[in-house]
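First the structure, in the form of structure tokens, and then the observations on it.
The letters A, B, C and D name the chains in turn, as written, and every chain counts its residues from 1.
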Amino acid sequence: MHEWAIAEAISREVEANLEKARIRRVKVILGELQNIDLDVLKQYLEMMLRDVAPNVEIDYETEEAVFKCRRCGYTWTLADSSLSEEEREAIHFVPEAVRAYVKCPKCSSPDFEVLRGRGVRLIFEVE
Amino acid sequence: MKIYEKDPRISRIKRELSDRRVILVTGAKGGVGKTVISALLGLALSERGKKVLLVDADVTDPNLHVIIGVDPEKVKPGEAKGIEPLTLTDRIGYIGLAPYTMNRPTPLRGPEAVDAVRELLGALDYNGYEYIIIDTPPGLDDVLMDLIHLTGDHALVIVVSTPSRMSQDSTRRFMALLKDLNVENVVNVVNDVIGIGRSGRDSFNVPHDALLEEALGSIKRLKNTEAYNAIVRLAEAVDP
Amino acid sequence: MKIYEKDPRISRIKRELSDRRVILVTGAKGGVGKTVISALLGLALSERGKKVLLVDADVTDPNLHVIIGVDPEKVKPGEAKGIEPLTLTDRIGYIGLAPYTMNRPTPLRGPEAVDAVRELLGALDYNGYEYIIIDTPPGLDDVLMDLIHLTGDHALVIVVSTPSRMSQDSTRRFMALLKDLNVENVVNVVNDVIGIGRSGRDSFNVPHDALLEEALGSIKRLKNTEAYNAIVRLAEAVDP
Amino acid sequence: MHEWAIAEAISREVEANLEKARIRRVKVILGELQNIDLDVLKQYLEMMLRDVAPNVEIDYETEEAVFKCRRCGYTWTLADSSLSEEEREAIHFVPEAVRAYVKCPKCSSPDFEVLRGRGVRLIFEVE
């Protein structure tokens, strides 16, 4: 699993923002498509931020994946799509790969929006 | 109190790429040989002892793998401290979207293509690579603009064209755009894909090579082509 | 009470285009001859007595005008009951973004390129045109997807490729995508831009034409090329 | 001026929506870049809708153009950009052409967002 690189990216971003503002809290939103191991990520990130940002509170939140077809407007979730282990694995690397494996259940279009639950997003709360 | 959202990939990408030599292989049009030149330049630099990573950023139509003989349906990408590039030789790595899509059609709207490229570059294990060669989609698009914003202040931007009036007209506009974007480090390569026989003045010229097609897919055969010989000279200029 | 936003261009575009024969000239890759074939097909259909509108939907790199000899810095687009196409002959019209940008570089992100094409098609004076030939950007992108959503149920989609493995690999994915999008009316054209000498089985073939470059910009000279002769046969199939 | 085609497009869209819902009001928002002659548009549109949608109330609103640079983040307006008559004319046909003539005043980038004031937007209020 590549949680280490993802943790490093988050930690670099927190560091870069600390130079500009007093950060109180960072909410780390983990999209379902990226399928991150929360415990592993937490462990790495806490280690990395211990020295850099000891006073920043980190919250974690997971977000379900929801799709909306650009062709017919239908809305569905990842749970509605049956994917093999191998396909889930490929998508966890690059969530955009989902369009190679999932199609609109109504009209078969692979041109759909990922409304929620793609990858990692950070919400900063600063003073 | 203020609340705002941030993309966690940007800082890491900028930091990792600013430490390495980045080459964006671009062109105002498609079919001018961007992908061929990306691959051949990677081979030529690796022959000079450099460790080179080939990045296929043409995520809606990836085909760099065809040139270097990688079958995206067969390779299984690894991960440890990050996404691990596929190693072709001990000095050439490859990364792209094709291994994750098993080479199936993958339509991505512009902002989604940007997301895919940021994901590859943002979660990558950059371990030891000195040159990052990024093959871009044809023309001006979201991915190219994003890559220029991320690396344009230090990357070398190679602008590939053909001698055709169609390509030269597009290239004039493209060069003007790079200027507006304050990109200073630009090299023009005129690649005679069509066999027109003209060559450019202030540019590297790559001749029409009737044997290139047969060499696609084999690094060994590629190194015996005329096109490769021309790119070896480009590599000498890039890596003096 | 419910409140929602609507794009006022869609209904008019769909209504106007469903009344006419729409041809989308597409290709999985750039540089395969989409723009050349759009222009030549327009000429060939006009020779058959049809009134043809050429639409350049490659808005970030428009160059259809180069082939048909229009200087976008000199023409002044008209307007009356809508945007008026430029008339090249009494049976050929042209519309594109280049006359409005005076041929300057115009970077547009995907959704913006879609907006530009919808604007051209949404405010157009369609007066009398029987064939609307739309030249699209290279590969899969926002504009192509939008055009397929708008017209894919009735348009003829021409898929241009070259005999190169690079192009054929991309085309296989592209054809699979069209199938997923339920596009049924598809014709393959294999255009030998590079001079590889191979041709496709279930497709129209356009030979490599060493004299094409010199004919660019003049409708008269274009009609004397070998490439045009091949496209005349395509026009016969399209317009029996 | 091509107000006729724009009025026709709006009228077609109103018509298409009338088939699906009872429309009470339509707000027509006119972006500054498109530079539409409001009186001319009104005249055409009222004529076209008289029979098709006699009971729909139409409001008009104009929207100032605001730009935001994708390179440096700077925000500015059309009034801050000096354009010739000919350039304004070109932009009124296709608002996206603005990127050929306007650049970020801070960093010269032509890669900017049009935050507001592009072209015609319709807001439907239905029962």
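The rule we apply is simple: a residue touches a chain if its C-beta (ideal position, glycine included) is under 8 Å from a C-beta of that chain, and two chains touch if they have at least 3 such contacts.
Every value quoted in this text rests on a predicted model; they were computed, and no experiment measured them.
A.B. asks: Going by the average position of its CA atoms, which chain sits the greatest distance from chain D?
C.D. replies: B
A.B. asks: More C-beta pairs touching across which pair, B-D or C-D?
C.D. replies: C-D
A.B. asks: Return the distance between the CA-based centres of chain A and chain D, expressed in whole Å.
C.D. replies: Measuring from centre to centre gives 36 Å for this pair.
A.B. asks: Taking the mean of the CA coordinates per chain, how far is chain C from chain D in Å?
C.D. replies: Centre-to-centre distance between chain C and chain D: 27 Å.
A.B. asks: Calculate how many whole Å lie between the centre of chain B and the centre of chain D, each centre taken as the average of the chain's C-alpha atoms.
C.D. replies: 39
A.B. asks: At least two partner chains per residue is the criterion; list those residues in chain D.
C.D. replies: 110-111
A.B. asks: Touching at least two other chains at once: which residues of chain C meet that condition?
C.D. replies: 104-109, 113, 145, 177, 180, in rising order.
A.B. asks: Could you pull out which chain D residues touch chain C in their complex?
C.D. replies: 1-2, 4-6, 8-10, 12-13, 15-17, 21, 24, 90-91, 93-97, 99-101, 110-111, 114, 118-127
A.B. asks: What does chain B use to touch chain D in their complex?
C.D. replies: Listed in rising order, the residues of chain B that touch chain D are 145, 149, 177, 180-182.
A.B. asks: Spell out the part of chain B that touches chain A in their complex, as residue ranges.
C.D. replies: 1-12, 15, 59, 77, 79-83, 97, 99-102, 104-109, 112-113, 115-116, 119-120, 122-125
A.B. asks: Considering the complex alone, what residue numbers of chain B touch chain C?
C.D. replies: That would be residues 28-32, 35, 58, 60-61, 63, 66-67, 103-111, 113, 137-142, 145, 162, 164-166, 169-170, 173-174, 176-177, 180, 193-196, 208, 210, 213, 216-217 of chain B.
A.B. asks: Quick one: which bits of chain D touch chain B in the complex? Just the residue numbers, please.
C.D. replies: The touching residues are 70-71, 103, 107-111.
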